[in-house]
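One chain, subunit A, links the two complexes that follow: it is found with subunit B in the first and with subunit C in the second.
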Partner chain A sequence: MKHSFLDRYSNLDSFIHKLDPRTKFIIALVFILAVISTPPIRWQVFALYLFFMAALLLLSKLPIFYVLKRSLVVMPFVLMIAIFIPFIKEGEVAGSYNIGLWQVSVTYTGLQVLWNVLIKAWLSILSLIWLTSTTKLPNLLKGLEQLGMPRVMVMILSFMYRYIFVVVDEVMRMRQARDSRDFGGSRLCQLRTIGNMIGTLFIRSYERGERVYAAMLARGFDGHSRTLDRLNFSQADAYFGISFSLVLILTSVVNLLY
Partner chain B sequence: MEEIVRVDNLSFCYPDGQQALTDISLTIHQGGTVALVGPNGAGKSTLLLHLNGILRSNGVVKVFGRTVDDKNLKWLRSKVGLVFQNPDDQLFSPTVFDDIAFGPINIGHSETEVRESVTRALDGVGMTGYEQRSPHHLSVGEKKRIAIATVLAMNPEILVIDEPTANLDPGSKWSLIGLLERLPMTKIVASHDLELVQALCQRTIILDQGKVIVDGATEHILADIPLLVAHGLAPPEAD
Partner chain C sequence: MHIPDGFLSVATVASTCVVSAGGIGNAVRVANSKLGEKHVPLMGVLAAFIFAAQMLNFPIAGGTSGHLIGAALAAILLGPWASVLIMSCVLIAQCLIFQDGGLLALGANIFNMGIIASFSSYYLYRSVTSFLGGNGRSKLIGGFIAAWGSVFLASIACAIELVVSGTSPLAVVLPVMAGFHALIGVGEGLITAGVLSFVAVTRPDLLQLQRI
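== the complex of A and B ==
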């Protein structure tokens, strides 16, 4: 079965795609830091960050619709957490409503916090989408490793990338097997089936883990993991990384001075 | 011929109490291909896992005259290459290159040696140019070939393969058999695919319920229909 991968557009050809994964990772990190350290009232600065991000996205030739769609996927989670803030935050009241017996009031500070959370989350997500869609995941992992991320973490991520779709396939097959024998039945009965499926899936994954480990042992794995270094930091990386970071730092400094 | 593998009185019991092998003794000589056949659950895979020290138990397993123990595991694993039945277990890296390079890197080869091994192994299984592909996107036949390449990259002197033709369509199956035929090292193949056994192996060992039933020339064993029927390797005869 075919799945759309995390790094679906990572084989496009653009200036950004050719950059070293480490450069892109650092740019994304600096960008997020700059975004979250900006005070919420500075909407002009956020507009500027959005402009930078749009420039990065355009440079990388990613389909804009795809990026927007993916960035919206996480918004419900953010909204769910942040939506109540305007109602509980104290301050100058922007409006108050009577719902049944309750009187609900919305405050300006509350709205500001909500806007702050939403715009920061959205910009950060955009930068992560930019990073993961322009970098092949194996290269990104190599980059993280060379930036000093612990080897164990890198291995966990790489196993996740390798096996998540194998497990998803397994779930799809189990669901087909269930549906082909499903003749209705009560809600409770179906719940029990789902419970059994989850249990089976856990045991199968656990056993697969043991077999994978045996396959690693069979090829001389002794608990120490080793890799080849094969990333090249080019001049373009240095120029682009440094200039982009400088622009971001400059923006935050100017922003602080005002 | 030089004796390269010797198994003496090997018994193995899984932690859940299931007796998988009982008193297995056999020797394997340099060159040629040996088939290990038997029905499902006969203990074939368990026996294979003993050959490079992944499982160990009370019996004696000797490879090139050296008893398998903790100290020579690394040496052993570069001598005996084990290809697992399910290539999704064998191929665990994000790219084909990383997977094939895994063994040579663990042996401690230098970067140039590793690259050479990868190229040579891919060439050996007819998959040149697949370095940057993701194993998940390959067909079952391609995965099997890459799984063999991951082991070939370590230059083993004995190739041990578990069910090489499971889940393959006849076309891919015969092209894989052709590939195995061309590989020069000693091979031990566990399978219940008798077409494969006939095409590839000079000697056959039948294993059932953890015991060696017969050990002899393939042509004699495959001609003995009642024997095959008794061990679930041929269709039952009509009453």
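== the complex of A and C ==
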């Protein structure tokens, strides 16, 4: 089955793709931190951050349409917040509308909260897409390990990444089998079917986990995983990472002072 | 309930990250001491299991659908610390693969759906089953209540984080989040009970695993 949806563009060849995962992770982290600590009224600063992000995305040669489409995943959450906006009562009224019997009024404070959330969420998701689409997950995990994430956690995540494909395949097969037998009936009946499917999946996964462990023991597993490929932190990483982070930090410091 | 970046203030991000990092650290320590090196492949495969189980959608009402969170199931079958570990891996993978939930918001998401959901469901399950006498039927009722409670409490924690960050007013977000998830929680509860009854029939020994 097809799993190309996972880190699909991480095989492209660009300056960004060649950077060390650690550099990219730190840049993304500093970027998000800078974005979320900016006060909402500074639209110029957000424009500047958007410009930085656009530069990073262009350098990485990712298809821009794909990035924009992907960034829409934050929309449901933004909409959920948006429905609360009419209920923020403080501040000057920007406009009021009659919807049926309801008098809905929107205040400037409310609009500001929405704008704040919208722009911050969107910029952050762009940087996360940039990070994960230019880095292969195993490399990213290795980078995270060297940045201090617990070894055990990284190993569990690597195993998970290895078996996600197997288990997801299994779910897809089960779903196909269910649908071809007409998945109908009452809601309770459908939930019961899903319960049985997940139960089967749990038993199979648990048994698979035990078999994998036995196979690993037979091959001399002692609690450590050793790999041959090393990450290499080049000069380009140092220059690019330090200069980009400095620009971000400078922007947010200047922004806080004025 | 996956909070993206940008919805939480820096103070909320920092405090939830500290709590979640501590929780994960302790979960790793407990799993290491109780299971030895066996926990690494087992937790990895079971995290993939929860990840895949979340792909099965069920209809709620009016064309919307929900999916299992799975923290209650993991906590009931394997214990709260194992569940914290598994849910953290699931949430990290969802963030890094699908951008589902933010990077700095991971602390909050792990706190809500990992720590709060796991511990609340584990203790709800234990108290309900012991109150009802511990037979097969009481386990199903316990599973339902535990799973429902885990979703409900996690959504309340999520609402409180949004309020503390100044993103939405308490008087609205709390009833909306709690009300909506009280409904989703019924689905989670019924599926969890369904899984428990299925496992009890086919592999009852897997319900007697050592819980950590």
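Rule of thumb we're sticking to: the second predicted complex is superposed on the first by the 227 of 258 C-alpha atoms of A that agree within 3 Å, B and C clash if a C-alpha of one lies under 4 Å from a C-alpha of the other, contacts with A are read in each partner's own complex, and residues count from 1 in each chain.
In the analysis below, a contact is a pair of C-beta atoms (placed from the backbone, for glycine too) under 8 Å apart; a residue touches a chain by one contact, two chains touch by 3 or more.
All values derive from a computational prediction rather than experimental measurement.
Q: Which partner does A:Asn196 reach: the first (subunit B), the second (subunit C), both, or neither?
A: Only subunit C; A:Asn196 stays clear of subunit B.
Q: Could you look at A:Ile36 and tell me whether it touches subunit B, subunit C, both or neither (first, second, both, neither)?
A: second
Q: Could you look at A:Tyr161 and tell me whether it touches subunit B, subunit C, both or neither (first, second, both, neither)?
A: Touch partners of A:Tyr161: subunit B and subunit C.
Q: Quick check on the superposed pair: does A:Arg226 touch subunit B, subunit C, both, or neither? Answer first, second, both or neither.
A: The first partner, subunit B, only.
Q: For the three-chain arrangement built by superposition, which of subunit B and subunit C touches the greater number of subunit A residues?
A: Looking at subunit B versus subunit C, the one contacting more residues of subunit A is C.
Q: Applying the touch criterion given at the start, work out whether A:Pro138 contacts subunit B, subunit C, both or neither, answering first, second, both or neither.
A: Once the two structures are laid over each other on A, A:Pro138 reaches subunit B alone.
Q: Looking at A:Ala218, would you say it contacts subunit B, subunit C, both, or neither? Reply first, second, both or neither.
A: Touch status of A:Ala218: first partner only.
Q: What residues on subunit A does subunit C touch that subunit B touches too?
A: The answer is residues 137, 158-159, 161-163, 166, 208, 212, 216, 221-222 of subunit A.
Q: Can you tell me which positions in subunit C touch subunit A when the two form their complex?
A: Subunit C residues touching subunit A: 2-10, 13, 24-25, 28, 31-32, 36-49, 51-53, 55-56, 58-59, 68, 73, 77, 85, 88-90, 92-93, 95-100, 102-104, 162, 166-169, 171-173, 176, 187, 190-199, 202-203, 206.
Q: In the complex, go through subunit A and note every residue touching subunit B.
A: That would be residues 137-138, 141, 158-159, 161-163, 165-166, 208, 211-212, 214-222, 226-229 of subunit A.
Q: In their complex, what parts of subunit A are in touch with subunit C?
A: Against subunit C, the touching part of subunit A is residues 6-7, 28-29, 32-33, 35-37, 70, 73-74, 77, 81, 83-84, 87-88, 113, 117, 119-125, 128-129, 131-132, 137, 140, 150, 152-153, 155-164, 166-168, 170-171, 175, 187-188, 190-192, 194-203, 205-206, 208-210, 212-213, 216, 221-223.
Q: Inside the complex, what are the residues of subunit B that reach subunit A?
A: Those in contact with subunit A are residues 49, 52, 54, 73-74, 77-78, 81-82, 84, 86, 88-95, 98, 101-103, 105-107, 111, 114, 134-136, 150-151, 154.
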